[in-house]
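Shared chain: chain A. Partners: chain B in the first complex, chain C in the second.
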Partner chain A sequence: MTVSTQDSTPRRRFGGGFKLKLFAYALVAPVVLLILGLVAYPFFFAIWVSFTDMVIGSTGNFIGFKNFEYLAGTATFWAAIRNTIVIVLVSDVLKLVIGLGLALLVHQNLPGRGIFRSFLMLPWAMPAFVAFLTWRVLYQPIGGGINLILNQTGLYAGTVDWLGTRTTAMASVIIASVWRGFPFWFISILAALQSVPKELYEAAIVDGANTWQRFWNVTIPSILPVIIVTTLLSSIWTANGFEHVWLLTAGGPSDATMVFPVLAYFGMQTQRIGEAAAVSVYMLPVLAILVIFATSLMMRREE
Partner chain B sequence: MTKSFDTQKPAGWSRRRVLKTAASGLALAAASSFPMPALAQGKKLTYWGGLIFSDDANKLLTDTINAWGAANGVATEVVMINQNETTQKVSAAVSSNTMPDALDMGLGLARLLARQSQFSDVGDLYKKIGDAQGGWFAGPDTASDLTADGGIARVGIPFGVNGNLLLRRKDLLEPAGFTEAPKTWDELVTQAEAINKAPVSGLGLALSNVGDANLQVAVLQSFGGRIADDAGKKVTIDSPETRLWLTWLKNAWDKGLFSPGNTTWDGAGDNQAYLSGQAGFIANTGSVGIAARKDDPELFESSAFSPLPGGPKGIISPIDVQLRAITKASPVQDEAKALLEHLSSPEFMNAYFNVAIYGPVLTNQEKLQAFDGTNTILVGLLGLAKNGTAPAYPDVNNAAFADFGSNFLIPKLAQRVVVDGWDFDKAIAEAQTQGQAIYDKY
Partner chain C sequence: MASLAEIASAAPTNAGASARRRFLIARLLSYAALIVAVILVLFPVYWMLATSLKLPRDILRVPSLWPSRFSLANFEKLLADGQFLLSIRNSFIVASTVTVISVIISSFAAYSMVRFRYRFRGVIGRLILFAYLTPGSLLFIPLSIVMAQLKLGNSLQGLILVYLTFSLPLSTWLLQGYFRGVPRELEEQGMIDGLTRFGALLRITLPLSAPGLAAVAIFTFTGAWNELLFALVLTTSESVRTAPLALNYLITSDVLPWGPLMAGAAISSVPLMILYFVAQRFMVAGMTEGSVKG
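Up next is the complex of A and B:
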C-alpha cells in the first residue's frame, strides 16, 4: 500500500506537469506561429534576398557579398550614410530643444494650457503625407509660402529654391521633419515632468536651490530616462523614415538628401530586389543596437 | 475533495476540449488556404489598366471591358493602376502569385517579365490583328519583338505609341519673333532665352531622379554620345561627345533658363510648371496638352507641339510602346485573348485615341478620325509613331541599358555638374564607373 502510494505519486506529478506544460505551449503556439510568420520569416527572408541577384519574378541566385560590394562602391551609398546620420542627429537635437522647452512652458499653470497642449499635438496628428506635401508647397520657389513671406516682408527680394539647391535642401528637409516630430517629444517629456514628485522640488527649495539649480539637479535627472528612450525611438523612426525625404526631395538634388530608406526604395522601384534588401541589411546593425537599447531601457523602467 | 476541484473548472470547457478546439481551428485554417475547386467559381477576368492623365480615357477603358464582359458572360474586374506604380504592384503580384489575367504595361516591364516567362504567347492574335488592319507600323513592330527576352516574339499586343514631344508657348515665342519650332537643341536655348522672364522659365525640363529626366539620354545621344558600345557591354560615357552635351547643358543652366526646383521634381513637376504658366518649353508625352485642353483651353490654344529638336548627330526621339498582355497562369486564356482582340477594334481605338495620349500602332489607324489633323497632340504622336527612333537607339536596347536608365545616371551626371559644381571630368568619371558596374551585372 505504502509502496503503491510512493510509486503513483511521482508518476502523477510528472504526468500532470508535462500535460500542463503541453497545454501552456498549445496556448502560446498560435501567437508564436504568428510572430514567426509575420516578423521572423520576412526578417530572415530579407537577409537572404540581400545575398541574391533577385529581380521581379525570379527567386534569384546566391551571389555572396556582391550587392554589398556594389553599394559600397557608389558615392550615393556613402552620401546616404552621411545624410542619415546628419538628419537623425540634427533632428533629435532640435526636437529635444523644442519639445523640452514647450513641455516646460505648458507644465506651468498658464491659462488655456489645455487648448495650447492640444494645439501642439496637431503636427503629430496630421497624416505624414499631407504634412510633407504641404511643406513641399510652402518650399516652392515660385508661389511657395516661404518665398512669398520673404518677398512681401522685404526680407529677401529674390527666389530661393529651397529644395533644389544643395545648400538649403537638407536644412529644409530637417525643418519639416522636426515640425512633424517634435510633438512626440513634447508629450513624452510633459508626461515625465508631471510624474516628478513635488517633494523633490520642495526639498531643493529648502536647501536654497535657485530655479536653474532645481532644473539641472531635480528636473533633468528625473526626466532623463524618458529623454533617453524618446531619443532612441525618435532616432529609429527618423533613420527609418521615408516620407519626409521622398515627398520633399526624393533624395535630391543630386544626392544631397539621399537616405537609406529612399535608396532602398530606388532599388525596389528599379526591380533590383536583392540590392534594395542589401541597403536595408546595411542599416540593420545600427538599428538593432538602438532597438535593443531602447527596449531594455523601457523594460527596466517598467520593472 | 474531487467534487470541489471539479466545480472550480469553467463550466463545459475541459483542457482536452480547449486543445481539441484549437486543433480543429488550426486544421480549418490550414484547409482554407488550399484553393477551392474551380467548378464552384464562375469565369472571372481581372484586368489591370494603366491609369493615364485622362479621366475620360480611363473611364472608357473600364466601361468597355465591363460591357464586353457583360455581353460575353464573363465577370470582369478592372483595376486602374497608376503607371508610376505598375512596377511595384506587379512585383508584389508576381511574388505572391496574384497577377491579374491581363494587364497594360510599357516595354521595359514587359521585357523584364518576359524573361521570367510570365506571359502567354499571343503571336497568333498579333498576326490576326495586324492582317486585319493593314499591318503594324515598323517602329512598334520592331520594338515589341521580345524574342531576345525569353524566346517568345509576341507576349503583348501593342495598343499605343508614346514618347516625348516638345510643347511650347507660342503666345510668348511669336511676339519674340519665333514662329517655328526649334530644330536643334541650340535653337531651343536661343528661343528659351528670349522668353525667360520671371515667372516664366525658358526650359521646364526635369533634371531630377525621375523618368522624365532621362530625356537627357536622348539629348546626349543626339550630340553623338553613347551609353555603351555596339556590343552593349562596355560603357562609353567618357567621351568628347558627352562633354559636348554637358557644355550645352551647363551653358543653358548658367543662363538661368531651367525652371527652379527642376532638380527635385517628381514625375508631375514639368506638368505643373507648364500648366501654371511657369515654363516656356517642356518635353512631354502629351498629357499636359490633354490637361490644358480640358482645364485651361486658353493655354491649350497658346501652345504648339513639335518633334524633339536634334543635335549634331540628328534627332533622337525614342518611342515607347504600350502593350496588353495575358499572364501565363490565367485560367481564362481564351476569354483574355478575345478581350484583347476586342480592345484592338478600330471603333474602340478611335474613341480611345481621341481621349488618351497615344499614337497609332497599326497603319490603318492613321485613317481613323482621331488622326484627321484636328487634334494637334495626336498629329504629333502620329509623327512619333512613323518617325520616332527605336528605344535606346543608337545604343543597344538590353537589360543593362534599362537598368542604367532606372538608376537615372545621366540625370545624376547632369546634377553633379549643375548642382554640385563638379567639373566635367570628375562627374563623367563617376557616371562611367557606376554605369560600368551596372553593365557588368548582365
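Up next is the complex of A and C:
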C-alpha cells in the first residue's frame, strides 16, 4: 500500500509516506463514510426489505419473492412498465432532436446568439416543481393557457382536459418534461460542438467533402460520445423522475401515466413498505446496466 | 460546419447575388426557428407570472392571455398565515446548510483523490459515481426507515443529512475536474515557502478553483432547493415543510387555488433565477464538465 504524489518522481519534501497516506485517507474519509452510510447501506437495505412483508412499525419477515409475484399480478405494475418505457424513449428522442437542432442553430456565428442561449436555458434554471406546477395550470380545461390559445387562434374550439383524459395525459406529461429537460441536451451538445477541432473541418474541405458529408463524417462522430453519455444520464433521470408525473397527474387518469417512482411512493403511503421496495427493486436490473455503462464512459472521459 | 448559413454561403454558385440571397434566407430561417423556440420556452414562465397577478375570481371566470385586472391578492392570500414564508425559510436553511457541508467535505475528498495515489482511490472514484447515479426513487424507502431509527424523521436535520446523498457525489465528482486544472507546481512553491500541505490546499488550490467552487455550490443549493420526493416522505408536520412541499400540499387540498399556487411558484423561482443570472457562466462550464441534471 504505497502513497505518492501523482507524478512519477517521488517528492520526499511533502512528508513521510505514512503521514501522507494518513492525510490522504483522512481527507477522503468523511465523504466515503457518508456515502457508505447514506447510499450504499440503504441501497442493500432496500433490496432486503423488498423480500420481506415489512409494514410501518414492524421489522418484517422474509417472504421470498411474494412481493414480486404479487406486483406482477397487478395491472398497475404493467402500466408502470409500459409508461416508464414510453416516457423515457419518447422524451429522449424529442430532447435529442430539439437539443441538437437548437445547438446547431446557436453554434452558427449569429449576432445575438448569447441572448438566445440564455433564454433557451431558462427551463433548466427553474425549479422542477415550479415548472411542473405551471404546466399543470397551463393544461387546465377551463382557464388554462393551452386551451385558451387553441380557442383564440381558432385552431380548436373545444375544451380538452389534457391531464384528465387517458388519450392526452401521457403526451402532456412528456411535453412538459421535454420542456424542462431539453436545455441539458442543448447545452451539452453545444459545448461538444464548440470543442470540435477546426482542423478536422479544414481537412474535410480539402478532401472535397460537402456540407452534409462534413456533418455526418466530422460533426456527428465528434459529438457522439457526448450524445451517448447525455442519453444514458437523461434516461436514468427520466426513468426515476418523480416530480413530473406526481405534480401533473399523480399517475392518473386510471394509471394512464403511472410510473415506477410514483407507484413506489403510493406503496409507501399505504404503509406496505416491502411491496413499495419491490417496485423500486424491479427497476434495478435495467437501471444497473445503464448506470454501469454510464459510469465507465464517464470514468474514461475523465482520465 | 453544418450551419444553415454555411450551407448557403458555401454553395458552389459563382453568382454572388444569388449566394448572398441564400445566405440571408438561411439567416432569416435560423432566427425564425430560434424565436419560435424562445417563445415556447417563455410562454409557461409568462403564464405563471400572469396567473399569479390576476384577480383570483378572474382566473376561471374571465380566462385571458393578459390579466384584465392586476392584483396582488394571490400573493396576499398565499402569505397571509405565514406558513409559506416559514417553508421558504426552511428551504433556505436546508439548502444553505447542505451546500456548506457539501462544498467543504467534498473539496477535501476531491483534493485527496486528485493529488494522491493510494490503494482504494479507483474504488472510491467508482463508488462516488455509482452513488451519484443511484436514484432517489430507490433510496427514499430505506432512508425513511433509517431516519426514523436515528430519530431524525420529520426534522430539518434529517432532510439535510438525506440531501447529502445526492450533493456529495456530485460535488466531489465536479471538484475533481476543477482541481486537476490547478498546476501542482503552485502548491509546491507554496510549500517551499513554508505552507503545510493542508495550508496549500486552503490557500492555493481552493482560491484558484473559486469558479468551480461557485458552480458546485450553486448546483448543490439548487438540488436541495428543488427536492420534493424525500421531503414528501420524511416530513409530516407543517413546521418543517420546505417550499416544494408547501406547494405540493396546496394542490392536494380540495379546491385548486391556482392563483396562490402560481404566486408561490414565482416566489420559489426567485432565488434560483438570481443565482442563474449572476453565475450563468460558471454553471454552464460546470454542467458540461460534470453532466449535471440541475
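Heads up, the rule we're going with is that the second predicted complex is superposed on the first by the 271 of 303 C-alpha atoms of A that agree within 3 Å, B and C clash if a C-alpha of one lies under 4 Å from a C-alpha of the other, contacts with A are read in each partner's own complex, and residues count from 1 in each chain.
Heads up, the rule we're going with is that a residue touches a chain if its C-beta (ideal position, glycine included) is under 8 Å from a C-beta of that chain, and two chains touch if they have at least 3 such contacts.
What you are looking at is a predicted structure, and each value in this text was computed from that prediction instead of being measured.
Colleague: Check the residue A:73 against both partner chains and state whether it touches chain B (first), chain C (second), both, or neither.
Modeller: Touch partner of A:73: chain B, not chain C.
Colleague: Does the superposition put A:138 against chain B (first), chain C (second), both, or neither?
Modeller: second
Colleague: I'd like to know which partner A:30 touches here: chain B for first, chain C for second, both or neither.
Modeller: both
Colleague: Where does A:273 make contact in the superposed view: on chain B (first), on chain C (second), on both, or on neither?
Modeller: both
Colleague: Chain A residues in contact: does chain B have more, or chain C?
Modeller: Counting residues of chain A touched by each partner, the higher count goes to C.
Colleague: Applying the touch criterion given at the start, work out whether A:252 contacts chain B, chain C, both or neither, answering first, second, both or neither.
Modeller: first
Colleague: Does chain B (first) or chain C (second) touch A:155, or do both, or does neither?
Modeller: neither
Colleague: Using the touch definition from the top, say if A:104 reaches chain B (first), chain C (second), both or neither.
Modeller: Only chain C; A:104 stays clear of chain B.
Colleague: So in the superposed three-chain picture, is A:206 touching just chain B, just chain C, both, or none of them (first/second/both/neither)?
Modeller: Touch partners of A:206: none, neither chain B nor chain C.
Colleague: Counting contacts the way the document defines them, which residues of chain A are shared by the two interfaces, the one with chain B and the one with chain C?
Modeller: 23, 27, 30, 140, 142-143, 268, 273
Colleague: Show which residues of chain C lie in contact with chain A when the two form their complex.
Modeller: Going through chain C, the ones touching chain A are 1-7, 10, 27, 30-31, 33-34, 37-38, 40-45, 47-48, 51, 59-60, 63-65, 105-106, 108-109, 111-119, 124-131, 133-146, 161-162, 164-165, 168-169, 172, 176-177, 184, 188, 191-192, 197-198, 222, 225-226, 228-229, 232-233, 244, 247-248, 251, 258, 261-262, 265-266, 268-269, 272-273, 275-276, 280, 284, 287-288, 291-294.
Colleague: In the complex, go through chain A and note every residue touching chain B.
Modeller: On the chain A side, the touching residues are 19, 23, 26-27, 29-30, 53, 55-58, 70, 73-76, 140-143, 159, 161, 163-166, 169, 248-256, 266, 268-273.
Colleague: Given the complex with chain C, which residues does chain A contribute to the contact?
Modeller: 1-7, 11, 13-15, 20-21, 23-25, 27-28, 30-32, 34-36, 38-43, 45-46, 49, 98, 101-102, 104-110, 116, 118-131, 133-138, 140, 142-145, 148-149, 152, 179, 184, 187-188, 191, 201, 210-212, 214-215, 219, 229-230, 233, 236-237, 239-240, 242-243, 246-247, 260-261, 264-265, 268, 273, 276-277, 280-281, 283-284, 287, 291, 294-295, 298-299, 302
Colleague: Name, in rising order, each residue of chain B that touches chain A in their complex.
Modeller: On the chain B side, the touching residues are 15, 18-19, 22, 26, 87-88, 90-91, 94-95, 112-113, 115-116, 118, 198-199, 208-210, 260-264, 266, 276, 278, 403, 406-407, 412, 415-416, 419-420, 430, 433-434, 437, 441.
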